[in-house]
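Below: one structure in structure tokens.
Going by the order they are written in, the chains are A, B, C and D; count residues from 1 in each one.
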Amino acid sequence: MKRKIPLALCFIMGISMIVQFFIPHPASLEFSSVIYKWIIVLMAFALVLAIGNLIRHHGNKIHRRKEDWQYSIVTLAGMVAMATIGLAWGIDPDSLYQRIYLNVMAPLGGTMFALLAYYMASAAYRSFRARSLEATLLLLSAFIVMIGFMPFGQYLHPRFPAFAEWIMKVPNMASQRGILLGVAFGSIATALKIILGIERSWLGGKE
Amino acid sequence: MKWYDRITTIDRRIIYLLLTVLVILPFFVKVTIPQKVMPQTQRLFDFIESIPPKDKAVMISFDYSPQTQPECHPMAKAILKHCFAREIPVIGLSFDPEAPGLAVDALVSVEREIDSLAARKEDSLIYGVDYVYLGWKSGRIAAQLDMGEAISGVFPRDYFGNLIDSLPLMQIVKNYKNIAIVVILASADYPIDWIRYPQTRYGVKVGAGLTAVMAPQYYPFVQTGQVSGLMSGMKGAAEYEKLVLEHGYARTLGNAETGMNSQSMIHILIMLFIILGNLGYFFSRRAKKEK
Amino acid sequence: MTFLLIFLSFLPPNDVIARDRPNDAGSTISLHWNLSVDDSLLDGYVILKRELSAGEMDFEKIGSTVRGVTNFEDENAQDGVQYEYVVAAVKNNEVFHSAPSVPVASSPQVFHTGRINVLAAIAIFTGMLAYFVTKARSGKGLFIRKIAGLAAVEEAVGRATEMGKPILYVPGLGDIDWTATIASMNILGEVAKKIARYDTALIVPNRWSVTYTVAKEVVKEAFISEGSPEKFREEYVRYVTEAQFGFAAAITGIMMRDKPATNFFIGRFWAESLIMAETGSQAGSFQIAGTDSVLQLPFFVTACDYTLIGEELYAASAYLSREPLLLGSLKAQDYGKLIVLLILLSFTFISFFNINLLPILRVQ
Amino acid sequence: MSGDPWIWIGAILTLMIFSFLYKDNPFYKFGEHLFVGVANGYYIVYYWQNALKPNLFEPLSAGQFIYIVPLLLGLMYFARFIPRIAWVVRIPIGFTIGWGAGLSIPALFQADVLRQLEGTVVTPATFSNPASGIWAVIILVGVVCTLIYFFFSKEHKGILGHTSRIGIIFIMIGFGASFGYTVMARVSLLIGRIQFLLGPWLGLID
């Protein structure tokens, strides 16, 4: 029973969602939208567990005075403060909650993202070496695209932008499509195995 | 240490420092490099150009976050200027929870710009008549499908709390039947859902403005016609700005232009370092062979 | 000339056919007609309808089109109610009515005939999967080609044990509804089993609450199945945050401070991929990545020691576990791709004999 | 320079994160930990406002008792704290996984298989423009060879070896192109941050 009920539920849900795709009837659309609402509710419940884990992890660190424990206070305090502010004073566009979002979370996230400009430079410098035919092709196509998509590309040679575009649209598209088709089959097979109960690692182990 | 070993092991911090200097420079030294418009940007522009005024609406899904603002915000502004100048109603909405602030900023700043240029009072924009911002909704796919039945079912109220049925524009635009195209401005893989669900089920036309990194993934869809036009990254935004300016729908270029100059500098820097690395690699390998 | 035209009568369109639009949720009727012979002189057409049961009620205008158009969709029909339609040619406020259509009612359909090809594809693939899985059950050894990134897993775990440093396993940033995440959980199970045999710490940070609960089950069960549940620590599997870059920031922190010997990045990734892979490389960790995110592959290939490309990710759990059932499904995947190849080549070939098979692939 | 304290907070946090480029340091640690904390607080509110309230409590209090189902399923997550019934946790997980798997199968066949095949097949119509015809043939060859690289159950020898090698070449050109193209996007982000520091904070540009 410990395995049969979850497996059966998984099977029923999977089959219903597949069948739903083939039924244009309004009842079928209604069904899919109700289920989606439930899924979101389930995520919210799981979040309670997850936050519990986070509190325990940082609480432990503070309690045992592990290295860098002071920063765990920052995490916990930040979380409690933000949650309280949002729940107590609302989330209107002018609320403190949105202000903190825009002036704390957004700059932190935006700057993390912006670090990528630097990392692209250092990664390219370190590993773009013409060691083999494959590596050389990778390097060359990167170069052509970097030149072609910049405004100065057309001054180097008027056909350069078109060439770069061609690389993106022909060989790049071909390889992406090939990879995608393969991925689709891997993905479909995995989904099918889940529904049919062949792949059951999510149940944990053998029994 | 030989010179060729040295140029293969330059400290990354030196690269980082040079990169920072070069990205800042163009803000203070202005140059304009004229540029060509890519065909997929042209296609999107042409599609919107072909929508008759005061008829079907353009739906814009603002799905970018502050991180990708430099790329997507100028796109939003350019396309809004285009629609408003041609008297095409606009319906905004978001599925990315970080987007509403930016969407409102784009709508309000374009409205202000248009109103300040308006010769007569009738030319200024009116919320609820010329445009509506529905706000944010979770459950992307379900919401997209449900809007095929009724937009008001998904968004009973707009972002500002008005009842949907009280807005004149929304009395005309009930569902996808009155939407000429949905343009998704996104930094994530959102357009695929519009293609897989509303397009396959309701035949919705899909256009997109994507960050440069997302855009190539959608080239196959442009080719198959599933996507009716695409702006890619800051360059796509700069191109759309240029088209809007050339057709007299705006007076000035947007922010994408200065950005392109910083871009050019950084690209050259990265290529120089790759060349250095390879020169070093080449000579050190030759030296090893000679031994 | 204009003067004359006003007094001329124009012919209305003919053969107005109304039918329920197929494959929809009801309430729509499609109309089709033949153009009036005077089409080029007209302003356009108006479409009128009336309920049949309402007796001698007048036709009501429901829409209009420009000239040259031969179809219209009435999307405001009431299911089950019979309607008659008339299409009229319009010129300078004068209208010339067609004969009414045969009465028709709209209805919702319970099966979408435009999607038979998808149904067939699912049926064929499921059949193949079932066949190969059953065949595999008989236990005949199936061949699987070498996948470099997976051959290195053993080495990676061993290396961590030697160095006395932990292993970091990032199961992607996709929630559990991404199949890549499920594939990653399968691989995590296999990696955790190997770890359970050695004495190495494991760190599995999660972005989603649901994947966190699944990952915890998977790791715990892996330790139990290797007979060393006492080695499992609650803190191995952690929840971090749903914010994409907050998650990335936390991972870079772990990399710089715990200095993991090996980093695994397996699952669905977005832009944060290079932040993690480049930081890991600067921290000197051995790195194995695997993703089906086409756009992130170049960065993993650049910054990691080994990368599972696309579908290799889905082959991994079969490769690592060597479980016959999973190997059987790999065979089905290969045949699926083979069919795709044959379709591509044969449809292309046949099309040059003026036989266009593309409509078979079209999905409504 | 800005007088707005919020701008100062944003600017200082921005610099804290940038400091990681030099090396890991207390400022970065502070920024990172603050980010994780505030983000979790943000999502707690977010799930309350957008999931539990509209999709659970409001329908329930409006008498839609079918919503007891998600409530029960959600509560099952807490079974893991009671060892005797810990397995119950698998029920909501099974529900979610089954839903995701079922939803993805037809969608994948439709958008990622059939539509992409349709776009790849070459027909005489493709040759209405000779250049685009040739490119279409190259794409076809590229797709076929790339796909062959992903055959797992046969050793890559003979014709399979040759074609999968061509597949690898296509893949590498594609990777290089994607990498080169992405530089643009990442620099855009950096420009965004620099614009913020130079404009709203320092007031050096408008």
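We adopt the following convention: contacts are C-beta pairs under 8 Å (C-beta built on N, C-alpha and C of every residue); 3 or more make two chains touch, one makes a residue touch a chain.
Since we're looking at a predicted model, the values are computed, not measured.
Enquirer: Kindly list the shared contact partners of chain A and chain C, in label order.
Expert: Chains touching both chain A and chain C: B, D.
Enquirer: From chain B, which chain is the farthest off, judged by mean CA positions?
Expert: C
Enquirer: Most contacts: which chain pair?
Expert: Top-ranked chain pair by contacting C-beta pairs: A-D.
Enquirer: Just curious, how far off is chain B from chain A if you go by their C-alpha centres, in Å?
Expert: Using C-alpha averages as centres, the distance is 20 Å.
Enquirer: In angstrom, rounded to a whole number, how far apart do the mean CA points of chain A and chain D lie?
Expert: Whole-Å distance between the two chain centres: 3.
Enquirer: In whole angstrom, how far does the Cα centroid of chain C sit from the Cα centroid of chain D?
Expert: Whole-Å distance between the two chain centres: 13.
Enquirer: If you average the CA atoms of chain B and of chain C, how many Å lie between those two points?
Expert: Computed from C-alpha means, the inter-chain centre distance equals 23 Å.
Enquirer: Residues of chain C touching 2+ other chains?
Expert: Where chain C meets two or more other chains at a single residue, that happens at 25, 115, 118, 122, 176, 179, 182, 210, 213-214, 217, 240-241, 243, 245-246, 249, 257, 271, 282, 294-295, 297-299, 301-302, 309-311, 315, 330, 333, 337, 340, 363.
Enquirer: Check each residue of chain B and list the ones that touch at least two other chains.
Expert: Residue numbers touching two or more other chains: 12, 16, 23, 67-69, 138, 149, 200, 213, 216-217, 220, 223, 235, 263, 266-267, 270.
Enquirer: Can you list every residue of chain D that touches 2 or more other chains, as numbers and ranges?
Expert: Within chain D, residues 17, 20-21, 29, 31-33, 35-36, 39-40, 42-43, 46, 50-51, 77, 80, 90, 93, 96-97, 99-101, 103-107, 109-110, 113, 115-120, 140, 143-144, 147, 150, 171, 175-179, 181-184, 186-187, 189-190, 192 contact more than one other chain.
Enquirer: Which bits of chain A are touching chain C when the two form their complex?
Expert: Of all residues in chain A, those touching chain C are 18, 21-26, 29, 42-43, 46-51, 53-54, 56-57, 60, 67-68, 105, 108-110, 112-113, 115-116, 119-120, 122-124, 126-128, 138, 176, 179-183, 185-194, 196, 198-199, 201-206.
Enquirer: Within their complex, state which residues of chain B touch chain C.
Expert: 12, 67, 149, 177, 188, 200, 213-214, 216-217
Enquirer: Please give the residue numbers of chain D that touch chain A in the complex, ascending.
Expert: Residues 6-7, 9-11, 13-14, 17-18, 20-21, 29-52, 55-56, 66-67, 69-71, 73-75, 77-78, 80, 87, 90-109, 112-113, 116-117, 119-120, 135, 138-147, 149-150, 167-184, 186-187, 189-190, 192-193, 196 of chain D touch chain A in their complex.
Enquirer: Quick check: in the complex, which residue numbers of chain C touch chain A?
Expert: Going through chain C, the ones touching chain A are 23-26, 108-112, 115, 118-119, 122, 125-126, 129-130, 133, 175-176, 179-180, 182-183, 185-186, 189, 206, 208-210, 212-214, 217-218, 220-222, 224-225, 234-235, 237-241, 243-246, 248-249, 257, 271-272, 274-275, 277-279, 281-282, 292, 294, 297-299, 301-303, 309-311, 313-315, 317, 325-326, 329-330, 332-333, 336-337, 340.
Enquirer: In their shared complex, at which residues does chain A touch chain B?
Expert: For this pair, the touching residues of chain A are 24, 26, 29, 32-33, 36-37, 40, 93, 98, 101-102, 106-107, 109-110, 113-114, 117-118, 120-122, 124-126, 128-131, 139, 143, 146-147, 149-152, 154, 161, 165, 168-169, 172-173, 176-177.
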